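The two complexes that follow have subunit A in common; it is paired with subunit B in the first and with subunit C in the second.
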Partner chain A sequence: MLNIHLYMAQRLSALIMAPLTIGHIAVMIYAVQGGLTVDEILSRTQGSLSWFLFYGSFVLAVAVHAAIGVRVISFEWVGVKGRALNGLTWLVFAGLLWLGARAVYAVTFAGAGV
Partner chain B sequence: MELLKGGYKVENEAKMTQDEPDMPNMKVSIWRESNGDGRFEQYDVPAQENQTVLDVVAYVQQEIDPTLSYRFACRVGMCGSCAMMVNGAPRWTCRTHVSKVLDGNQLEVAPLRNLPVIKDLAADMDPFFDKWVAAEAVFHPSATRHDPMAAITPDDPQRLAASDAIECINCAVCYAACDVVAANSDYFGPAALNRSWSLVNDSRDAGQDLRMAAVASNGGCFNCHSQQGCVQYCPNELNPTLSIAGLKRAATKNIFGRGR
Partner chain C sequence: MIRPHRTHPLWFAFLLHRLSGLGLALFLPVHFFMLSMAVSQPDQLGRLLRFTDLPLVKVAEFGLVFLLALHLFGGLRLMALEILPWNSRQKTLAGLAVAGAFFVATCFFLKAI
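Up next is the complex of A and B:
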């Protein structure tokens, strides 16, 4: 059920998420301490390739990591198997990627109303 | 002489009476199953100062119901035949003293978890050993009898790693203790992977590529959640979780082409 490819994908995505999460929390604390408003934050992130790559890679890593985690739980605890299990894994991956990509797009490119 | 003999006898009888006071019968529940129809049945078994769980099962079979089926061989913890679930935990019954596992006055004995039942307490070990083969936990010789003996020093790091895993008696206690096996019938389980790890560390073995592919497959080492039920219950105090961690490391290095 969990072969080396899925295992490595989950571990590597965790490896990516860990420093990005710490970076995100550090920036949040910095922004709150400095008293930045939403508009001031968005004016810094929108149009920034760096912030796009920062949150874009985080969203991608989350989608991979969580989809494999849900796959394991679904198999071991609910008994989902075979094609249904593969389908569920891809569905969770695509759903999280879609939701996250919308948020990243809104913060780094489009207006805040997206 | 008669007096001495008599004196000895009386003294001995007194000692026996002292060692084996009147103890209440134990309430023993034993799983009885035949053709897939199973239930616990209750038996009263005399308690002894010193007795193992296997003694209790043997008493029931010899004195109460000769149709009770169970498996044992050596009775000294070497053959791995007599493992059963005792009060819900997997144990080697020939080396498990009743006094250490008795719950009040109750003892519950059932066939090993995670394996099909043949009859009563005898579990079908086929799936367990089939998975040893699937995990490539078998030796692939690299030399013939005409070649010289392999020179392996006792302090060789690979030899030491193999030694840590090598005392497995194939009792399937770890397999019964493993929650991943319970949830995932494809998973090879701790014993098979522990054996694979001892062979990864055998420099005489010629089947390492096959073994790496097997342990990295869908039923392989990457399914282990490191819960360590196997470590907790292994009667020989082995650490299959550590062996599985070694396999994860070796298989990962292997796909990056950095050897094992």
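Up next is the complex of A and C:
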């Protein structure tokens, strides 16, 4: 169900995300003060290559990590196996990557004319 | 009857890690979808963000940050156990993971209200 490649991908994506998650939590605690607005979010992120790389790598890592996590839970708790399990893993990965990439693009470069 | 290993504190650490991960995986598509409206549908996103000003939603956000911090610290504990050459103090680390997650989520909550 988990071969060495998937196991390593799970651990490597976790190692990549650990500092990114700490950064994300710090930004949330800072940004939530006084409430959130669209303008406030965009003023921080729009046109920023740094935020694009930060959240872009976060999205890629979380798509890998969550897909493998859902794979393990589906196998152990629901009994999904074989092709269905592989299909589900790829679906979660592709879905999160697609939605996440759209979100990152929207808050960084979509309104910046890129 | 509860099986013996399911009364062990580290089994709860495993369960919390798994359930927090599952919760985050379910939340992420919604989170991403909302953010993707920032430029195409800013008014709608603005309305959703104003919705987050409600006290009950603040409490739900506290829960989400708690899940994130719990999964982060639980994951760090897991990798420390797998990678570093130690095997004692596991219960202490598991307890610290929950305490740390609660602290982080409380910081968020206090700033949010």
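Following the convention adopted for this analysis, the second predicted complex is superposed on the first by the 100 of 114 C-alpha atoms of A that agree within 3 Å, B and C clash if a C-alpha of one lies under 4 Å from a C-alpha of the other, contacts with A are read in each partner's own complex, and residues count from 1 in each chain.
Throughout what follows, a residue touches a chain if its C-beta (ideal position, glycine included) is under 8 Å from a C-beta of that chain, and two chains touch if they have at least 3 such contacts.
Every value quoted in this text rests on a predicted model; they were computed, and no experiment measured them.
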First (subunit B), second (subunit C), both or neither touched by A:47: neither
Residue contacts on subunit A - larger count, subunit B or subunit C: C
Touched partner set for A:1, first subunit B, second subunit C, both or neither: first
Subunit B versus subunit C as contact partner of A:75, first or second or both or neither: first
Residues of subunit A at both interfaces, subunit B in one complex, subunit C in the other: none
Contact footprint of subunit A on subunit B as seen in their complex: 180, 183-184, 186-187, 216-220, 222-223, 248, 251-252, 255
For the subunit C and subunit A complex, residues of the former touching the latter: 18, 21-22, 24-25, 28-29, 31-40, 42, 45-46, 49-50, 52-53, 61, 65, 68-69, 72, 75-76, 79, 82, 104, 107-108, 111-112
Touching residues (chain side subunit A, partner subunit B) in the complex: 1-4, 6-8, 75-77
Subunit A - residues contacting subunit C, complex: 11, 14-15, 18, 21-22, 24-25, 28-30, 32-33, 35-38, 41-42, 59, 62, 66, 69-70, 73, 92, 95-96, 99-100, 102-103, 105-107, 110-111
